[in-house]
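Chain IDs A, B and C follow the sequence of writing; residue 1 opens each chain.
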């Protein structure tokens, strides 16, 4: 007999009975609130075209770097999971069996928790995933995915998503967003899917294909993107285009949080070097730094909220990158400075009441030391939620414990699921809600907060702050 | 009806019933111990002159950077709070209302906890601060502050303060301390108010007015403070003067913990460069570093305990600094190294049994990694309590959790309130006592400590260690 | 009446009653499992010769840097504890009394916990160590140590040690291991004592006597260790020799985790500079870095598991080092980077399924930020347990909390006692077992793990993972 799959009603609440009772009551008051997903990586084509998702492996394993990185770390070949150039030859059922046989590896991880929710709540599984149940899982999930109730829009509606943001490059034509908006307007499907402006491919000189991207940027915008003014105008134009497709934010995934504030003349000269391709590593870094400040200036004009996601050493595994490409679970966090790095931008625009910058980090040592003090002072700064490797029960607890006393709750912005794993979105928001309610319950139990205040905060952390911060 | 203001008897104790019972008993045994405040920033004029404190805003809001930095971070203008050049035009009642309307911002922060104590215990308020109660708060507090029972000395006595240290520049004439000591001696008010020697204005070449300060230093001491020997002698002289005014400690607020041990010749040459004003940033840093070692040498002679408070990026917000000046909530912690930085000083004097150096940090990542190992070895080193942004319930817990296993309790020095917010001093000590008792209770509950040991430690952490460490 | 010495059955379990019950049950299922000690510093001569251990001070105080560093930090002279050049003149009973009088310093430290176990379980003491019981302790312990039941082999058997690894230099002749193996083979004592290859004395150019060590290395191996090829061949030869004496691992105690992958030509040239003794600090660092990669290459060939223990600033107290030598409690952790440092080695061999590298750290800020993400991706990397200053209840909890969500449990390797304090080995393993069971119980109580999974994990964390990771 395989073990039972159970989602306990009290999961993730503090173990102490009196605290748990408070957490349970807080959670009951917000658990059914709609999902607002202001930052993530779902594919807008899903919602525009509403095609079925494919088989279990194709939807749940192959695109999920949390899953395959753990399997890879234990010596399992990516090719056997259908990842990489040899995809054509793999067997999705066999790949799924590998996952099932190794499901114990995920004990204690958020992947386990999100997946169990998907298995139980989305697909109605009642036994745990294991070697014995592998085929039943594969068949049940694959079968259901073929039915209308499991198409993207049906799930979107079932998940009670009020709005979801995707993330696109300036080179994207946003055709899927346009199609969805047209359908919204014409009284068809009412799901709200907005974009966000992620200019890394034309801002980061080290991005694959950067120079060709610039040419494409020129083509799309009609600007000469080999000149500094043309390039900046192209950004302004595309930002406006993105805003018309629902974008309320931009997003910047730089290696560091470095900003710069060069004179217009120096910036133009630097840009020439970048365009010429003769730049050093330091010049590439300086250009990215300058562009954060340029983006802040544009945000002041057009009102788009800036998100900065720094500190990931992308594609750390060189051999893997060459064979399998980007996003294969080999991005590793680095120590990240914000105090010195952000100063040029803050010196320029830090006191602007109209500017809003949401900071993220993969370096938890900066929560209490740098980020909370910065956000607890500068009017333009807010703190994004625990991110990526730290988007987990312990990670979220550390975030609240380390930031609240200096930045308070009201300099934070609610939860981001930040995922392409669409089916797990409700599970991710649920984890955040449970952890936040547990944290608030702890404060109530220690008499640091009145119960009615905790209830108000639970609502603010779930829906209030995210709407305000992202101008949604 | 406004919500009630309640200070629960069990606040800040661990939620678990059995641990809480232990914490409660420990706390009962030390809660009424006198306050020993070995480091802080109250104004000695208050105690020398005993004038009334003014209105609610003037005492509780305008000087409190914890309060106004949070309000500023949410877009409230400092001018509206009576801060900055436009002070004359502001309305204290309106400023107070702004605070009241935004009181929710402080949920989960120590400011909220300290203030609630002041409101309830000092002023007898029974409703929570909110828009509805703003005027009643302002009037009640302002009225009471006009009565004799709320003058500085009356509160000092009511707060059961055994001794308080203020912090002065070498350029200060200590007239207020002299007046208090004279009154002490003549059988008048018996409050003990001592000074501490904080030479940053004449040690840090980057301090505003540094060069003019040196001239004033010469004037006061009769030494030629443009020569290395005259300058060192001036320090010796002022340290002795401070010691005669009760000082048992010095305090050093450098950007980093860097120390240096130059030859006398090199130090003198460096000093010439500093005096000439032709120094580089590296030379300024080296001079500060050298001066820590010089101060340690003087401490060996005169017995003053050294405190080092490194790691704050002062006045990070340039525009704000230019308009509003220092100490406006824009000091941001930085990553701080101690292992390499302190080595020159420790190589010189680290094994001296007569030397005592108390280390503080704004970088919690060094607690377990650097500070506890250093203090758990070097006879001259002790660990100051959780400081500034970390002087909070969670911050204090992290401090004990991270330092105790390597440095033990007896290489720590009790609590510092480190504040200019006089009325909150009992609240701050109370928070520290509650958190320490909770931490000890946890150790007892986990059978890591006997109950009688925890009781002894509670007394040591409250009064024993601070007296010994600060030679009070 | 001295206070009683009690080892509570529930010590170190979470305080909450329901969590504690789960922890207690998990612990009951693994507490009697044999001890597997894959990395440590016991002396193989003890087990080869089986001579009595000497007096209480000689066994328990003088060699224990955790103990004497704490005493030293409080102003007690090392000479009075029988440490240093003046050893001949000290009185072991007086030294023991000093320890007893200062036993309160260890409150809240692991030393207290390990020692109490040794006192109670090994020696049957029933009163706590204090001034009053000092002599009784000294006499009882010293007397018992003179009896056969307290000789090394008797204690080894009594402690239920399945296998213990010691750590030797390539210059060691492993005579004690050979003697033990011969006795094992001939049907005598069956204790399994293996060695580990720790080449720092011939790999680290800054090691005391490095150049002379190279000559000795040549002598022992018959290779010309002043040539790069001869030097590498000497390593290969000694590694094989160590493997024949039971070694399954190597160990590398570098100041940093830096690795390098020079061309053979550049490596040979660097080696010439090292041998010539004309190297800079940077060249010494580069050589150590290169040697980690060379060792990884050899591990691929001979299957020895690599352990990297970086980040200790050895002999930080210069004066103490000159008078008393190495390992006197003055090693201080430093901030340590892994993401950039390990890349050259990982680029060369990171995806080799046959390679196994166990990473340790003294810098806890890297647990969640660098180590868990690296080990959660690279097939060759595993995480060693909380090390040295962090081998403590709070330290172990932080390790699990910070690493599990990203690396899972199965990229960790069980516990290392890493000690020369032989009598405390069972206590150290017991602390680890209790903390792990408490951590698992917390996950079960929060419904993040099923109870049967926690039971399986408790077994894996105790014996399963260590056997697999160390190939024992």
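The working rule: contacts are C-beta pairs under 8 Å (C-beta built on N, C-alpha and C of every residue); 3 or more make two chains touch, one makes a residue touch a chain.
These numbers were taken from a predicted model, which means no experiment stands behind them.
A rotation of 120 degrees, rounded to a multiple of 5, brings the CA atoms of subunit B into register with those of subunit C. Counting the residue numbers that touch the partner chain, subunit A and subunit C have less than half of them in common. The mean-CA centres of subunit A and subunit C are about 40 angstrom from one another, to the nearest whole unit.
Shared contact sites, meaning residues of subunit B that touch two or more other chains, fall at 14, 16, 365. Interface residues of subunit C facing subunit A in the complex, by the touch rule stated above, are 14, 16, 18-19, 337, 339-340, 343, 346-347, 350-351, 353, 365, 368-370, 372-379, 381, 401-402, 404-411, 442-443, 445-450, 452-453, 456-457.
The part of subunit A that touches subunit C in the complex is made up of residues 3, 6-8, 10-17, 69-70, 72-75, 104-110, 112-113, 128, 313, 316-320, 329-335, 362-365, 389-390, 392-395.
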